[in-house]
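Listed next: structures, encoded as C-alpha cells.
Okay, so chain A shows up in both of these, paired with chain B first and chain C after.
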Partner chain A sequence: MDNFASLMHGFSVALTFHHVALMMGGVLLGILVGVLPGLGAPNGVSLLLPLTFSMDPVSAIILLTSLYWGALFGGSTTSIIFNIPGEPSSVATTFDGHPMAKQGRATEALSLAFLSAGFGALAGVLLITALSGWVAKFALRFSSPEFFAVYFITFASFIGLGGSSAFKSIVAMGVGFTLASIGMDSVSGNIRLTYEFDVLLGGVSFLIAVIGLFGIGELLLTMEDGLRFDGVAAKVRLGDVLRTAATLPRYWVALLRSSAIGIWMGITPGGPTAASFMSYAMAKRSSRNPEKFGKGEPEGVISPETADHAAGSAAMLPMLALGIPGSATAAVMMGGLMIWGLNPGPMLFTERPDFVWGLIASMYLGNVVAVVVVLATVPLFASILRIPFSIIGPLIVVICFIGAYTVAGKPFDIWLALAFGVVGYAFKKLDYPIAPMILAMVIGDKAEDAFRQSMIFSQGSLSIFWSNSLVTSLMALGLLLLLLHPLQLAWRGARRLTAAHATRG
Partner chain B sequence: MAMFRTAALAAAIALVPGAAALAWEPTKPVEFVVTSGPGGGTDTFARVVQSIATKNKLINQPIIVVNKGGGSGAEGFVHGKAGKGDPHRVVFGTNNAYLLPYVAKLAFKPADFTPVASLALDEFLIWVNGSAPFDDAKAYLDAVKAKPSGFKMAGSQSKDTDQTLTAMIEQATGAKWIYVPFQGGGVAATQLAGGHVDSNTNNPNENIGQWKAGQVKPLCVFSPVRLAKSEAIFNGKGWGDIPTCKEAGLPLEAFQMPRTVWLPAEVPADSVKFYEDVLEKVSQTDEWKEFIARTAQTPRFMKGKEFTDFVARDEAANRKVFETEGWVVK
Partner chain C sequence: MVTRLWAETAVALFTLAYGLVIVRGATEFGIGWDASGPEPGAFPFYTGLLVAAASLGTLVVTWSKRLRADRAISAVILDGEGLRRVVSFFLPILGFVLLCAALGMYVATIAYLFFAMRVQGGFGWLASLATSFGAALTFYIVIERIFLIQLMKGPIEALFGL
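After this line comes the complex of A and B, so read on.
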C-alpha cells in the first residue's frame, strides 16, 4: 500500500505537460532509432545523453526511457516487414512475423506485436511497483553459479527446437560461441582469436551479425526467388488494427507465460534478447501445433514480443536497486544517473523517491503513449510493402551497411556484415538454424565468464552447481529441458512400435 | 585572381612563425575517445568533462564522446594511436594507458601518446560485507593469513588495478586470497553485498550505494592521508572517518588511480597547451568539485613534468608487481 501511495505521487510528477511532451518526443525518436538496424537503443541513448546534462534528472530519465521503449517497438517493425531485426531483441520476432507479412498479414502481425509488447511492458512495471523491495533482495542471492544456470536453461530450451536436427543446432551454437570469444577475455585478461588484427580487439558485435545474417542474407534469398516481396496486394486499413486488437485476449496463456519469462530474465539478468528467444522456444514447445511455428503463427509473434518488453522494463529494477544494468541500454542510463548526481543502489528508493517513482509512473505512461503512437504508424509501415522491390531492395542494402557502420564507427564492420550475409545465405541453403548462433553470440561470453568464475569459486569442483537450493533447482530445470526433446522422441518411437505390433497382431 | 592573391597572402601570414600569435584552437568537432564501455568510471569521467566544457563554452567546437572499451580499453588506445598528429582526438583513460601494454600483447605503446593532464586520483578501499565480524583491516588480514586461500576477493577484470592491488597486499603481508574477476566494479559490489565473496577493493563510487544501505563496510583506504570529510553515509560515519591502511597497520603506503587525458603522438605543442588550459579550467569549476566530492576522489590536477614524473613512478611500482606475479608479456 505504501508503494501505491508513492506511485500516485510519481504520477503527479510524471503527468505534467512538459513530461508527457518529452515522452512523445522520446518515443518518436526511439521508433526512428529502432527502425534503423545497427543504431539501436544503447547508441540512441548515448547520443542523447549530452542533451540531458542540463535537465532535471526526472525529466532526463523520462526522455531516455521513452526513447528506449520507442526503440524496442521500432525494432519489431523491420523484423516483421523486411526480416531485418532493428534490435537484437527482436530477432525472434522475425521467425513468424515475417512469414505473416509475406502472406499479406503485415497489419495483423504488427498490431499483435505492438499490443503484446505493451502488455509485457506493463506486466514488468507492475512487478516493479508491487515487489521492488523483495526482488532486490532476491537478486542479491545470485552469484556466478546461479547466473550460469540461468544461461544454461536458455541454451537448453533451444536444443532440438528448430525444424532442423539437434546436431545442426549445436553446430550453429558452436560457431556463435567461437565468435563470442573473440577479443579480451575478462577472466584471464588475455586476448583471444584476434590474430593481431586490431579491428578484432573489441570482438565481433552481434549487431553486425544480425544485420548480415538477416538483412543481407534475406536479400540474397529474395533475389534468388525472383526479385519481389509477396504480400503486395494486402489492403491496409486502420480498422484492421482494431479488429486484431479484439483477438488478443484469445492468447492469454501465451501473454502470461511470456510475461513471466520476460520478467524473470530481466531481473536475473539474462536480458531482453535471451528472454525473447526463450519465450519463443517455450511457446513452440508447449503449443499443440508446433509445426505451424515459423510459418506465420500469431503466437510466434506474441511470445517473443511480450517477453522482450517485459524483460526490458523489469531490467530497470536491478539497475536502480542494485546498480547492475540488466541490458546494454540500462548500462548507458546508469552512466547517466551518475552524471546527474544519483547513486544507484538499495537506498535510491528512499533517498530520491520523487525520482524513482516519477520514473516508474513514467514507465506506465510512456508505454501507453508508445503503443498508441506505434499503432498509428502500422498502416504507414505496412504500406511500405507495396513499394516495388527494385526500389526498396537497394534501399535496404544501403540501410544495412549504414547500420553496420553506425554500430561502432568501424569501416571493417561493413565487410564483416557482408561476410555474415553470405554465411546467412549458406545457412539457409544448408538448413542450419541461425537463431542458436545469435543466441550464443549474445549470451555465450557471459555464460563462459559465469562458468569460469564459478570454477574459481569452487576451485575446480562442479559440485558448486548443486551447492544450494536456488542453483540446484535452476540446474535441474535446465537438465529437464535438455532431456525433454530426446525423451519425447523416444516416447513417440516406442508408441509407434507398440502400435505397429498391435496392427500386426 | 584577386581572390587567389588574398588567399595566398593569408596562407603566407599563417605560415610565418610568430605571426600566428593566436593560440591553437580546434577547427573541427573534437572526439573524446573513452577507453571503457558506457557507464564505466572512465566513461563518467569523460562525459562530466564534456558536460562542463560544453556548458562553460571552453571548447568552441562540438564534442563527440565515443566509447571504445574493447580489450579492457585497448581498442580506444589503438584508435587514438591511429590519429597520429591529429589534435582533435582526445583519449580518456586511467593508468591503463601505460600499464596495459605490459600485461597484454597490444598494438600500442605509451610512446604513441602525448601526455596532457591528470585531473583526479581515484581511491581504493578494502570493503567487507556489512555483517562480517571484522571491524578493522588488521583483524581481517589476520583472519586471511590464518587461512590461506580461504577467503575470496572480488574485483573488476583480470590483471587490472583491483588484482594488482590484491597482489600488492599479498606480497606485502603474506596473505593469500582467491581472486575472482568480475565484469566491473558494480558486480563486485553486489557480489560482496550478497555475501558471495569476502571482500573487494572497489573505488568509493562503486560501493557507496551498498554502504549507504549497510550491506558493505569499509575497513581502510589506500591513500597517504584520509579522504575529505563528508556527510555521514552510514551509522554516522562518512568518507573522512575511514582510517588509512597505513594507520590500520598495513605495510602499504598508497595505491591510487589517476584519471588521465592523452593526445596522439606528434601533435603541435600549442594544441597540448590548449587542452591543458581547458582541463585546468574544468578542474576549477564548481561542477567538477561537486563531482569529485560526490565520488570521493582526490582532486589533484597534474600537467607537464609533474604528470610525467607521476606516470614514471606509478609505472615502476606496478611493473614490479607484474614481474613478481609473472604477468608481463614478451
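After this line comes the complex of A and C, so read on.
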C-alpha cells in the first residue's frame, strides 16, 4: 500500500486551487492546439516550455501534461466534426467518427470518443500508479550497461515495430543522435561538430527541431492538400451525453482490449498513433459485423480513442521510471524535466517524490477535468475552425517562430526552425518517422554517456553487454526487436515452402 | 511534377551527404580510444556512418523498385497545383524570417500577416490591418509583459522606445 499512501500525498499536492486552475488552462490551450492543424501536442508542449522556465517544476509539469490531454481530445473533435484529424493519433477516429457525425449522430460520436478516451487514460494512469514505483526500484539496480541496453531496446523497437522502412527509421534516428552530439561533449568537455560556426557552440535544441518538424513541416503539408473545412453542425446537450454514457458499458470488451493495446504501445515506444491504428484494426477483425466499420460503427470510435489515450498516458511510465520517453510529446516533456534541473529516471522517485506523485495524481484529475471541459467547449472550438485558414495558417507560423526564438533568445534559431520545417515536410511526405528523431535528440547524450561509461568499465570490450543475466536479457530483447522484420519474413518464407511441399506431396 | 522516385532519391542523397559531413567532422576529435575511454568523435563517427549506410540502403531499395517497374515508385507525389500552393505558402514565410532578422519580430509579424490576409487571402484593408496589428499587440502583452521574455527587435521598435 506504499504507492497508495504516496498517491494520496500526490493528491494533496495536485488538488490546490492554483494547480486545478493550471489544469483547466492547460486543457483549454491543449484543445486549441489539438484542434488547429499544424499545432500538435509535441509542438504545443515545445512552444509552452520556454514560458515555464520560471515556474516551479510541479506546476510546470501539470500545465504541460494537461495541455497534452487537451490536445489529444482536441484532435478527436476535428476528426469527428470535420473529418480532419487535428493530431496524427486521431486519424483512425475519422474512419467511423465522421460518418456518425454525418448521420446526425455527432453528439453520440463525440461523447463516445471523449468518454472512452477518458477511460483509456485512466487505465494508463492506474497502471502507472501500480507499477511505476516497482519499475523504478527495479531500475535502481541498473548501471551504465543496463541503461544502454534499455536505450537500445527503445530504438530497436522503433525499427522493428515501426511502420516505416527500417532504413528510414535508422536515418531519422541517426540524424537525431548526431544533432544531439553537436556542441559540448558532456564526458570530455570538448566542443565538437561545430565546423567553426559559433552559432552551433550551444548545440541544436530539440525544441527548435520539434517546432520546425511538427509545426512548419505540418503546415506546409496541410497547405499542399488545400485544406477545406466542411463541418457538421455540433451542439452538445447534456441529456444526449448522459444517454450515450449509459450505453458505454455495453462495449466493455472493446474498452478493455483497446486499453491493453494502448498501454502496451505506450510503454514500448510504439506511441499513440500506432496504438490507435492497431486497436481499430483489431476491433474490426474481431467484430461480428466488420462490414459496418467505416460507416459509423460506435466501436470504430471507441477502440482507437481508448488506445490513443491509454498509450498517451502510459508513455509517462517509462519516462518517469527509466528516463526513456514513450512518445514524441513525452520526449519533449522529459527534455523539459532536464531543463528544470530534474533527473528523470529511477532516482527521481526517491529524490523528488512530491514531484512524481503530484504529477501522477494530476493525471487522474487532469483527465477528468479534460473530459468535462472538452464536452463543454465543443461548439466554441468548432467555431474557431470556421475562421478561414488563410488567417489561421499564417498566425500559427508566427507563433511557431516566436516560440522558436523564446527557447534561447538566439536569432539563429529561427533559421534553424525554418530549415527543420523544410526537412519535416520532406520527411513526412516520404514517410520518414519523426518521433524517433526527437527521442534521439533528447536522450542522445544519455545514451552516448551510458555507452562510453560501459566501455570505460570494460576497458573497451563490448562483452560487458553480455556480462550478467540482466543486461544479457535486455540486449537479447533489443536484438529480437531489431530483427523482427527479417525474422517475420523468414518465418513466412519457411511456411510458404512447407505449404508448397505439402500441396505437392 | 515530382515523382516519388526523384523525391526519395533527393532526400536520400541529402541524408547521405549529411552523414558523411558528420563522419568527416567526427574524425577531427579522434574516433579511437584514449586514456579516458572512447574519444569524443567515436559515437558521432559511427552514427554518422550508420546514417550514410542507411541512406544508401534507401537508394538501393528505391532504384531496385524502379528497375522492377514498380508503379508506386513512379507515381506523382507532388503535382503542379500542390507545388504552387506549397511555394506560395513557403515564400512569405521565408520573407517573414528575413524581415525578423532585419527589422525585428513585431514589424515582420505585422507585414507578414497583412500580406497573407490582404494579398493572398483577399480580405479587406480594415480586417487585414486590424488582425495584424492586433496579433502583434497580443504577442507583446503575452510574451514581454506577462512572461517577461524579450523578442527580437529592430530599429523601428527602437523608435517607439520599446
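To be clear about the criterion, the second predicted complex is superposed on the first by the 272 of 505 C-alpha atoms of A that agree within 3 Å, B and C clash if a C-alpha of one lies under 4 Å from a C-alpha of the other, contacts with A are read in each partner's own complex, and residues count from 1 in each chain.
As a working rule, a contact is a pair of C-beta atoms (placed from the backbone, for glycine too) under 8 Å apart; a residue touches a chain by one contact, two chains touch by 3 or more.
Computed from a predicted structure; not experimentally measured.
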Just checking: does A:3 make contact with chain B only, chain C only, both, or neither of them? Give me first, second, both or neither. neither
Partner chain in contact with A:181 - chain B first, chain C second, else both or neither: second
With both complexes superposed on chain A, which partner does A:405 reach: first (chain B), second (chain C), both or neither? second
Scan A:377 for contacts with chain B and chain C and give back first, second, both or neither. neither
With the two complexes superposed on chain A, say which partner A:467 touches: chain B (first), chain C (second), both, or neither. neither
For A:455, is the partner it touches chain B (first), chain C (second), both, or none of the two (neither)? second
A:287 contacts which: chain B (first), chain C (second), both, neither? neither
Check whether A:103 is in contact with chain B, with chain C, with both or with neither, and answer first, second, both or neither. neither
In the overlay, answer first, second, both or neither for which of chain B and chain C A:390 touches. second
Starting from the residues of chain A touching chain B, keep only those that also touch chain C in the other complex, and list them. 50, 54, 185, 187-188, 190, 409, 453, 456
Partner chain A, residues of chain B touching it in the complex: 37-40, 43-44, 47-48, 50-51, 54-55, 63, 65-72, 74-75, 78, 103-107, 149, 152, 157-160, 178-183, 186-187, 189-191, 193-194, 196, 205, 208-210, 212-213, 215, 290, 294-295, 327
Can you list the chain A residues touching chain B in their complex? 42, 46, 49-50, 53-54, 139-144, 183-191, 196, 198, 201-203, 322-325, 328, 331-332, 334-335, 338-339, 341, 343-348, 351, 408-409, 449, 453, 456-457, 459
Partner chain A, residues of chain C touching it in the complex: 4, 7-8, 11-12, 15, 18-19, 21-22, 25-26, 28-29, 33, 36-44, 47-48, 50-51, 54-55, 57-58, 61, 77-78, 81-83, 85-86, 89-90, 92-94, 96-97, 100-101, 105, 109, 112-113, 116-117, 120-123, 131, 135, 139, 143, 147-152
Touching residues of chain A toward chain C in the complex: what are they? 50-51, 54, 165-168, 170-171, 174-175, 177-178, 181, 185, 187-188, 190, 192-193, 195, 216, 219-220, 223-226, 388, 390-391, 393-395, 397-398, 401-402, 405-406, 409, 411, 414-415, 418, 421-422, 425-427, 429-430, 432, 448, 451-453, 455-456, 460
